[in-house]
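Think of it as A, B, C and D in the order they're written, each chain with its own count starting at 1.
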Amino acid sequence: MIDINSFGVLGGDKRQIALAESIASDGYTVYVFGFDNVEFSRDIKKAGLEEITAHCENLILPLPVTTDGLNLNTPYCDEKIELNDRFAERMRGKQVYGGMIAKLIQTSEVWDSVDIYDYYNREEFTIHNAVPAAEGAIEIAMREYPGTVNGSKCLVVGYGRIGKVLAWMLRGIGASVTVSARKHSDIAWIESYGYHSIFTDNICDKDQYDVIFNTVPARIFNRRLLSKMHSKPLIIDLASQPGGVDYESAEDFGIKTVHALSLPGKVAPKTAGEIIKTTIYNIMEE
Amino acid sequence: MIDINSFGVLGGDKRQIALAESIASDGYTVYVFGFDNVEFSRDIKKAGLEEITAHCENLILPLPVTTDGLNLNTPYCDEKIELNDRFAERMRGKQVYGGMIAKLIQTSEVWDSVDIYDYYNREEFTIHNAVPAAEGAIEIAMREYPGTVNGSKCLVVGYGRIGKVLAWMLRGIGASVTVSARKHSDIAWIESYGYHSIFTDNICDKDQYDVIFNTVPARIFNRRLLSKMHSKPLIIDLASQPGGVDYESAEDFGIKTVHALSLPGKVAPKTAGEIIKTTIYNIMEE
Amino acid sequence: MIDINSFGVLGGDKRQIALAESIASDGYTVYVFGFDNVEFSRDIKKAGLEEITAHCENLILPLPVTTDGLNLNTPYCDEKIELNDRFAERMRGKQVYGGMIAKLIQTSEVWDSVDIYDYYNREEFTIHNAVPAAEGAIEIAMREYPGTVNGSKCLVVGYGRIGKVLAWMLRGIGASVTVSARKHSDIAWIESYGYHSIFTDNICDKDQYDVIFNTVPARIFNRRLLSKMHSKPLIIDLASQPGGVDYESAEDFGIKTVHALSLPGKVAPKTAGEIIKTTIYNIMEE
Amino acid sequence: MIDINSFGVLGGDKRQIALAESIASDGYTVYVFGFDNVEFSRDIKKAGLEEITAHCENLILPLPVTTDGLNLNTPYCDEKIELNDRFAERMRGKQVYGGMIAKLIQTSEVWDSVDIYDYYNREEFTIHNAVPAAEGAIEIAMREYPGTVNGSKCLVVGYGRIGKVLAWMLRGIGASVTVSARKHSDIAWIESYGYHSIFTDNICDKDQYDVIFNTVPARIFNRRLLSKMHSKPLIIDLASQPGGVDYESAEDFGIKTVHALSLPGKVAPKTAGEIIKTTIYNIMEE
């Protein structure tokens, strides 16, 4: 019998473990699959795919659903779960939620007739994830920079989601914060909140930072720019692959860099799992 | 002879006085017109309209340019300056900057061939003005609320420009801050910054605020909502006319209200003048 | 019959009115005397001195108890209440609480055998009052300074109770804050919290402030120092009489000053009353 | 020839390396001893003990000067430098600065006639060190707590130097902060800054924290208290040996603990070195 208030969590990493626990603590029935050696609290039932799809109305796939385009992303499971017509057929008639579903949908035409939602695309998901990303960047700065972040001169490149939260937290622990942006309106915001502002094109003009956080997905820190840096700041690059820094040149010039990727899942899986939960609840309410 | 680095400031209130002073302190030549009994610093020259238009490349009209649609807005001048073809002709060939120019343009067809820019429409102008608006609202709260804002329970309705700055400042002086919004993405931002969040439709559910700041230009606080408020908060309404509060009903229920309009020019003319200057400089650079 | 859980509030200003209301809202029986035309909520009983002393275990005198050393401080009462042996006799056997009781005690030898406590002397009273004092100072700055406090350069002279809270709030609304002190240890604290620091002897060296708040009870701003100030800051003096500024000289040099006294009672009587209440409760618990 | 503006840095860890670099960057001549394989910038000269004492007016000993009471604390040097009469004789006529000098002075009676100062005892040293200690504690919390510190419920036990800075930083990154103290006056401070307050004796009453930071050098978290904790918070203990937590009991109850010692030197040697420098400069000025 299908239980409307039941959730099946199929595969994923620590975030999905936290997600399962968090849903269960809200009083819902939760089944999990794909976590061979993981211990869950008593309310959560481990089950096979068949059992789960027989019982659960809501099925949650991991983030990303698949890394290779062929199998479900199940780092806690030895067995491979192939993504094929049979898998997709099981999802029919359910509410299915997944993160980055583009590759999944290519695995079977059946998906065209399944109610599937991508929680990764939701704006509130991205906004909420800026918090663990920013906090992860600060943890790296605290560990790698030999002084305290308090009292240091920090530059945040880019005033998008992560830039906003990062600048706010850095000031919150007592750093001197400069934020760069390209648009006059962003510069206005930066100044309204009391940060120092600079246009991104001019960041090389003021070469006096201890730590630089790059949040812009573009090769800002190219060889030419790096060659002009005399104070050798620590650069923490939050831009996704290939990153915003010419890493080879940085090494040549003796500038220490950290390419920090996928921070939310790494530094705060519990929070990252709860963000997925909140997003799914929001989708369900609509 | 026309001087490219010269500015004429024609009419306006304290903001334009501050604007003239601020431009002069940047080293530019400044002429002013329409400030009969105002004393300026030595570098600024009072002159007639003719003299100014003969000398100045850049002409700055007030905010708003006109209140009645017929005459220039010159509260510091006894004489009326009619906005007509002759006035518009004088502006030809210049760079003209005005605030809220819609009514001005209707006064003469000549304006179609004048280079005129509305600084009031620029996004960075609106963003920067959120600061004096928010600070003015806090000053009112400090004056009208019989306790301290520090430690009080404040609700900010709306997370637009003013709402963002207001919430940030309120927390900065130690208030407990709840912010309401309509969109999931705004709620995500509110929570990321550590405020309490509530959907605007539900603000009546939690009736425990000491001070409420309304920033939404809609009749949120109607009779029905006001009738449910038992704790009698102070309501400071920042929404432009006709405002977001049913003022008569509020009075019936013994709820104190303040309709706070045009705060930037009133509470911080110096800052408001500098914001106009920055915006004009930005337009000139583009 | 004496009720241990009953309080008599005898005279005082708006703070004592707020105090009476706040004690009543905690569920205690409250009698008031000395508030002729003041309306209280229903639970609070107006009564004569005799009736109150017959019923109440705890008697609360105003702050200050007396201004002239002869009569009770009763601004809301036309009649004068003489402080003499008879008045003191009525207090015998009670728990009596008053603010600044030195002059009171000189009015009768009977006081030597009365249990009387000075809530004004308690450290937590002074600390809590730093909040309304600081907030009152900021309200004045917002009103008198023609720009926004946000973005302005503020100097706080002295890092005692009020200086600490004031510096914290000023930064909270986005001011650039410098704090002066005399001791190395205070300078260390100021820097740890991320403010700019300066030794009080050197405050004339950096003459670039928009607003100066003096919290030190000494004539810091003498004619010599004022004569060196070229930027004409607004000076808000929080030092009690005679104040920390040579006011005549300031006027000579065109420097605007505000001597802000007794801020807590003026700007936030509700909070100031609650602080008295908390302090009295603390005394009772000990 | 003795150079008044020259410093000799004798032994120590990364903090003394940073100290030497920082003094050199101020333009002073710096000699170092006891750093065999460490590379310094060009201005700093490695020298033997004899050469250094021949040249330098100011000699800086490490923190602590000695760990075993017999030899100089020189982790970067293979050779042992015995603390004896001969060593002390070399210091005669110099200005000598050391950290925790009690054991040093017992090594020779010559010390009685040497001008030696303990920078570790200075109040500004301890205050400044609260910053790297607090930041180190936050780094641990970010690493060990599976959620984000932003949005988490934190308890800071004790409102001394580290407690003050820690509470301030935690709120700065968006945690919900409760601070415990024993005195009414500290509770007043805690509330003035807008934190939640609780008396240290009652911290078990509210069992809802995600992370607890203990700054009190007493066995607060004994078996009885730990047994009552149902929410299994992460406890980060900053109290020096033996610490404020019954670690065995904590393990029995499944409560995760971290005993964080000597944080400043570990997490921010550069800042810790600069704090030593500032303190020595202050002593020299007096």
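Note that in this section contacts are C-beta pairs under 8 Å (C-beta built on N, C-alpha and C of every residue); 3 or more make two chains touch, one makes a residue touch a chain.
In UniProt terms the chains read A, B, C, D = Dipicolinate synthase subunit DpsA.
All figures in this text were calculated on a predicted structure; none of them were measured in a lab.
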{"item": "Centroid-based (C-alpha) most distant chain relative to chain C", "value": "A"}
{"item": "Higher-contact pair (C-beta pairs counted), A-C versus A-D", "value": "A-D"}
{"item": "Euclidean distance of C-alpha centroids - chain A vs chain D, Å", "value": "35"}
{"item": "Chain C-chain D separation of Cα centroids, rounded to whole Å", "value": "38"}
{"item": "Chain A and chain C, separation of their C-alpha mean positions in angstrom", "value": "50"}
{"item": "Residues of chain A whose C-beta touches two or more other chains", "value": "131, 150-151, 174, 191-193"}
{"item": "Of chain D, residues touching chain B in the complex", "value": "150-151, 174-176, 191-194"}
{"item": "Chain D residues touching chain A - in the complex, by the definition given at the top", "value": "14, 18, 131-132, 135-136, 138-139, 142-143, 145-151, 169, 171-174, 267-271, 274"}
{"item": "Contact set on chain A toward chain B in their complex", "value": "122-124, 127-128, 130-131, 165, 168, 184-185, 187-189, 191-193, 282"}
